[in-house]
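As written, the chains take the letters A, B, C, D, E and F, and residue 1 is the first residue of each chain.
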Amino acid sequence: MASGNTSTAAPARFDTETGEPESGQIEAVLSTPTLGQVLIAVEELWPASLAEEWDTVGPVVGRPEREVKRIMFAVDPTLEVVADAVSRGTDLLITHHPLLLRPVNSVAATGFKGEAVHLLIESGCALVTAHTNADSAIGGVSDVLADIFGLTQTQPLAPSKDGLPEEGIGRVGMLPEPLQLHEFASRVFSAMPSVAGGVRVAGDRAGIVRKVAVCGGAGDSLFDAVRAAEADVYVTADLRHHPASEAREAALNGKPYLIDVSHFASEWLWLPTAADALKNVLHDLGHDVEVGVSAINTDPWDFILTP
Amino acid sequence: MASGNTSTAAPARFDTETGEPESGQIEAVLSTPTLGQVLIAVEELWPASLAEEWDTVGPVVGRPEREVKRIMFAVDPTLEVVADAVSRGTDLLITHHPLLLRPVNSVAATGFKGEAVHLLIESGCALVTAHTNADSAIGGVSDVLADIFGLTQTQPLAPSKDGLPEEGIGRVGMLPEPLQLHEFASRVFSAMPSVAGGVRVAGDRAGIVRKVAVCGGAGDSLFDAVRAAEADVYVTADLRHHPASEAREAALNGKPYLIDVSHFASEWLWLPTAADALKNVLHDLGHDVEVGVSAINTDPWDFILTP
Amino acid sequence: MASGNTSTAAPARFDTETGEPESGQIEAVLSTPTLGQVLIAVEELWPASLAEEWDTVGPVVGRPEREVKRIMFAVDPTLEVVADAVSRGTDLLITHHPLLLRPVNSVAATGFKGEAVHLLIESGCALVTAHTNADSAIGGVSDVLADIFGLTQTQPLAPSKDGLPEEGIGRVGMLPEPLQLHEFASRVFSAMPSVAGGVRVAGDRAGIVRKVAVCGGAGDSLFDAVRAAEADVYVTADLRHHPASEAREAALNGKPYLIDVSHFASEWLWLPTAADALKNVLHDLGHDVEVGVSAINTDPWDFILTP
Amino acid sequence: MASGNTSTAAPARFDTETGEPESGQIEAVLSTPTLGQVLIAVEELWPASLAEEWDTVGPVVGRPEREVKRIMFAVDPTLEVVADAVSRGTDLLITHHPLLLRPVNSVAATGFKGEAVHLLIESGCALVTAHTNADSAIGGVSDVLADIFGLTQTQPLAPSKDGLPEEGIGRVGMLPEPLQLHEFASRVFSAMPSVAGGVRVAGDRAGIVRKVAVCGGAGDSLFDAVRAAEADVYVTADLRHHPASEAREAALNGKPYLIDVSHFASEWLWLPTAADALKNVLHDLGHDVEVGVSAINTDPWDFILTP
Amino acid sequence: MASGNTSTAAPARFDTETGEPESGQIEAVLSTPTLGQVLIAVEELWPASLAEEWDTVGPVVGRPEREVKRIMFAVDPTLEVVADAVSRGTDLLITHHPLLLRPVNSVAATGFKGEAVHLLIESGCALVTAHTNADSAIGGVSDVLADIFGLTQTQPLAPSKDGLPEEGIGRVGMLPEPLQLHEFASRVFSAMPSVAGGVRVAGDRAGIVRKVAVCGGAGDSLFDAVRAAEADVYVTADLRHHPASEAREAALNGKPYLIDVSHFASEWLWLPTAADALKNVLHDLGHDVEVGVSAINTDPWDFILTP
Amino acid sequence: MASGNTSTAAPARFDTETGEPESGQIEAVLSTPTLGQVLIAVEELWPASLAEEWDTVGPVVGRPEREVKRIMFAVDPTLEVVADAVSRGTDLLITHHPLLLRPVNSVAATGFKGEAVHLLIESGCALVTAHTNADSAIGGVSDVLADIFGLTQTQPLAPSKDGLPEEGIGRVGMLPEPLQLHEFASRVFSAMPSVAGGVRVAGDRAGIVRKVAVCGGAGDSLFDAVRAAEADVYVTADLRHHPASEAREAALNGKPYLIDVSHFASEWLWLPTAADALKNVLHDLGHDVEVGVSAINTDPWDFILTP
């Protein structure tokens, strides 16, 4: 829980257009969906079959027959996020990260995960996960990152086994024009929601980048694909010393450069797009729902000291 | 769910003395405990350290700080048992079988386990498991069976690794006087709550039994210990064709005979004793709680056809 | 070994038409086959390739070059079955269950398996197993059960990977007309050889069944297939408390109902059919052999006490 | 390879007293040791038995009989470090990180690891690893960190199984007087060699810290020990989103706070101490050697953008 | 089966004193033992607890209650050995190598192992294995080798975990006086029964050997122990190119030299001693039995071409 | 290291035509290749994709950009072979056996493998392995053996999964005319370089052989394929007692006979062919290199004593 920064530190860009329901939007013919009906729309956007084998996606808490009037998107199902959602009358919280990725034998409120389960069920708020299926899908986390960085001719870094050619983890694409590394890093920094930890860069400031690989969240398992794609720079998160060092040692002519961003920030960028997309799909299915994005910053870091 | 037999088929012996709180029992100085305080008493009676390695015992649902006025014991956390408990204002359901023995990534109410979790949390009813720790403990499932069959000089079949010499799975002991197999089988039948499947016996009706091995629940992993103990008869549950056949083939002079009882029935016998014991320990700790036993028969079988 | 019931308890239906060689049947041109020649016929009827990966089928004891004049079928190679077969001058015992499913480093007669091997070899009687290959084959255990219950439009519950579409473990099919559960259960009971343990049923006596799933022997690994087939009732054997309870909890509208029969009885039904089939195939190959069915009941249970 | 920052970015504090041999230090009676003799001193300071089971420490390249006149310490055996060491006439490079932690079937110079092996052997420079043995030893990486932060009453976080009570991974100890979190973070920042990535902090700036846990390098496997020690703050490196987030969610009253430093920087601090210690032990053994510390910054990051 | 060499190639030394029962040896008071009684003597000499974990020793075929008048020892239970034993009226064949080391699901006579089982049971001849227990025991295979080579001060190469200090696989000891390698090799050659493959030697003919390590049968897993014992030469069997080459590469000053003998021959040496020992123990237990050694050479090789 | 036999025992046939560069062979237009260029020719002859999964082939030591003027082939990278190669100015040693089949964490010269790595790198000599890829390739080890024995209509014993039909481990083919076993064994003996251990034969001297299976090196894993091919005789190396005995027991009519040759000798035969082939391919690629074969005998045995 990032202490003390909920009300004050959350930057303006956490408030998205979808965050507040617009009055006058609800048409008479539209109905309130059940959780089961919302899950159909979720499956259409982010099919469970796109999830990695080790992953678990879909509903975690909730009754399928219950009505859903308000949906909120967030990166992490932290207690702060859940409490905030519940306090705003949310019926369904959709998070990128699973609450119960490691399976559990108990949901007693003797730990924070059981506490979250109790809080959600007591408040009648469902919880649904869209994780690596949302990373991989068209219009998913990786596509959003590629769009924001202005990439064209994008392709997946690790194409999905059973999906379409456009689906898969990570994206690689071309910048419209060459940039120096420091220029591109500034573009990345500006595109992200502001978090304490900043954006770290490895490489020659003046080096030229044209081909860009991106992977939202922790992408250190994709270095082989990045090199095979001959990307000039790789933007991802959670790069530790050894993978980063080995990647730099293995770099030919110093490339690919590395840009290490906040795991949270890289995935947060997807939330407004996801909220819009879900609202639209539900509308097409004849449903009207408020869909917003949580204003809570769940990046774990609160401040940084730099040279 | 054994259809239709809750109200009519549940025999009188399902109602125990502890099932209904006796008026006048509550003294002014006694307080209502929290779930956390009840768990201390549970640990004292059935220490978690006695559970098998593969097992999961302890709290499954509930808030430790919440008050517990009514406790109900049951063998299985079926939806029928949970609904009945909730309808009676139960604050804590203690079952022998774990709800989440296979760990889960979701407790959504899209399956019966998630449905049970939702029903419990929505109703503010906690769930606690006392499984192989209760099998193994002094005064546990095996000890109760041995007592009901009148055994003396009892010892564990499979002594607990870290526990006292009296602790462990199963018991072996002596009948006060020799009985013919059919006489002993009748005693077993009479001691059990009535279930549809009856009591099956392998061996010579007129064979003499004096030394008896018992194991509540499924005991087919203990045949080596039963033979080593030179028991005349082994009472357990869930004996399938191959283990039973091989045990009969390996039997010397036809012994040990086998008596296969209802898994549910063999463990149900422990519930009244457990309820009394917990009430007493809580009383000693200064707490007053109503403690009862569920009247629901969770044996899966509804009727039988026999030759 | 079911004590004392060999001579008296074995019901009339254990004696089948194939059990006694009919006089006048042997034509002059027919020859006595060797074990090797019988194995060719066995492979034609129950191909080894249909056996499950964990299973071991085919010859267990015997010399391929030895003549086979008398064949006996049985469910289990117990010592009682072997001794009876040997005493009747049997040259080949074909059993459904393998004697050496768990492989052995010794066949010394210090245990009942080594004792059986010695008895067989000393008497010149071969032993052959037809297990999951016979479950899966057309006209095998599952098909015989489906026929006896009057099912039509049958399909395998778990189709064989490498076999024909009609081959596989279990069958699902339609009753000619709907029956109440208790009526269908009576039909099952009547069709089976009489054993001590009877037939247990879970479900509403008056519930309607039309679509029936069957699996001879222990079928608790096929619940997912049974539910996917939307069967009204599932007939199988060796259902323990936890699989049966979970299946009942997961049942929609209480279906599939469950009927738990004797493992032995469910597989015994196949023996007369198998004996006829083998006799016919051998006849077509130019061989004349006596083929019978063992009259020994190897269900492990001797008597039952019911409410 | 951190591009371009070797000559300019390496801060003054990379030059240690031991980095330059002092003239007049060599006494006539002292001899030049062989690599084998140096390894005896290395074992005395950082016994191989203290290394974790998965680790590999000791000599990686070199001939035991060869004389060692110049020793250089470094964190990582990168090509830049190796080339710099070789260019300075180094006979032995001692690094904290193993070159061949994942074992290899080839040392051909077709990759950077084989390139390093060739460069070392061609130049006659040996390579020795002191990794988790140096983390765990008295006066090792963790002890140096604890000293620099001013901790007293230190104990290992994860005591060594076979070592002394003072040996083990990580340390926990007390500050002489309570500090606010931001004050302590500044102390940590000032103590470290300057690297691009800075020092990230999670927790309340004004929160009070007195009990401090430290672990040089990646310490995310020690959270249970940190909580058991009731530390107010945990200083370590390479904390990714999920371990950090879960640790923050599990934090009671927000503690332990987290301080995430550079993996390289946290381990670099040990080098001057190690160089002094080795020089002294060799001196006591009658040997005279130049011992220095590499001035190369092998932190992979070159610059950072922060809010 | 070594073709054609049974009658002619078997050298005189295959006929041992114990091979022919001596007349007048049987006293009136001595009884004929059962197999079960012989097994007690076998256990006394070569306790099953000394066998390696992967090994299987003890009775393989036979009825414990059957009388044993003639016992024959052999290295391998080949069909030729079994047929010869049976033709001589042998009641018990004791072999060093197990017939069923890899466990079997069938003993049908469709392979040579099933053929052997049939031949033995049909002839009423039991089969017992004394393998690594006989290697390890005092007076076992290794001790006999050490004695024949004239070693003194012998100790096990790999001491038994649970046995006495003198028990274990292999032996190391001292020659009474130093020999040149070619002299010692000649002694080894002369001590062995003659087989086609001869004795291969690696090392300097004129090198001096004093300390000798021996291991009957395949000993390539004991090289570390041989080096630790600082043996000058290692005598064992079945040395392939890679273990032998690596041992030669790792040899210091060319030692240990290697002497590769016939696996069969190295273990055959134990048979006469074993036969005497068993006869004596049985005599002490009040039994009289003829005990002999098979004259069949089961070394697989029939002739050799050498430079 | 076969002591003392390098200079005297190495037979004339170790000197091959390719062993000495012929004068006048170098044309002006041919260039000296780099190691990287030689590796292209190696891959063309013995593609890495033909190697077994557990194997490691290709470059082990060396810089790809370095010039290669002299290449030497050998079976084993022993220290004696390496030292000899280096003393002759060899730039590239190509061996059949890998130096680092078991991967290593260290190449320090504290063992013979590290010593070899140091010696090679210090001398600027590269090391490349062509192992199971060279066994399997057309014109590889098995093909050379088949050619030398005069086989026709050859096919692989174990065809390569991904290769051509002619590729795979071992070969089976027909002799031009039938031979008695002792005649064929003499042919094998004469074809091999002379080593101390000779050639061992199992089978009837006068037995007729026509169909021959061969596998260079240790071939005891291919017995099933040899039997399936109905070969009359199998020539391979490193046959230990148990595989050889079981193969002889399983032999029908005594066939396949076995001929056990020196592992080294069977693979040495390939070296001259390989040297010629590589020289030719390099020539076709425009390169001129001296290519020879090591004269060192690396068979581990020095002398033998036979009956």
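In this text, a residue touches a chain if its C-beta (ideal position, glycine included) is under 8 Å from a C-beta of that chain, and two chains touch if they have at least 3 such contacts.
Nothing here was measured: the structure is a model prediction, and the numbers come from that model.
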Next on the checklist: Strictly by the touch rule at the top, which chains does chain A share as contacts with chain C?
Outcome noted: B
Checklist entry - Is it true that over half of the residue numbers where chain E touches chain F are used by both copies, so same, or is it different? => result same
Next on the checklist: Between the options A-D, D-F or E-F, which interface matches C-E on more than half of its contact pairs by residue number?
Outcome noted: D-F
Checklist entry - If you average the Cα atoms of chain B and of chain E to get two centres, how far apart are those centres in Å? => result 56
Checklist entry - How big is the gap, in whole Å, between where the Cα atoms of chain C centre and where those of chain D centre? => result 69
Checklist entry - So what's the Cα centroid distance for chain A and chain B, whole Å? => result 47
Checklist entry - Which residues of chain E are in contact with two or more other chains? => result none
Item to check | Arrangement of touching chains [line / ring / star / complete / other] | outcome: ring
Item to check | Direction chain F, origin chain D - full chain order round the ring | outcome: D, F, E, C, B, A
Item to check | Footprint of chain C on chain E - complex, ascending | outcome: 56, 58-64, 98, 100-101, 103-110, 117-118, 121-122, 126
Checklist entry - Tell me, which parts of chain B touch chain C in their complex? => result 1-4, 76, 78-79, 97, 111-112, 182, 185-186, 189, 194-205, 207, 217-218, 237-242, 244-245, 247-251, 254, 258, 260, 262-264, 298-307
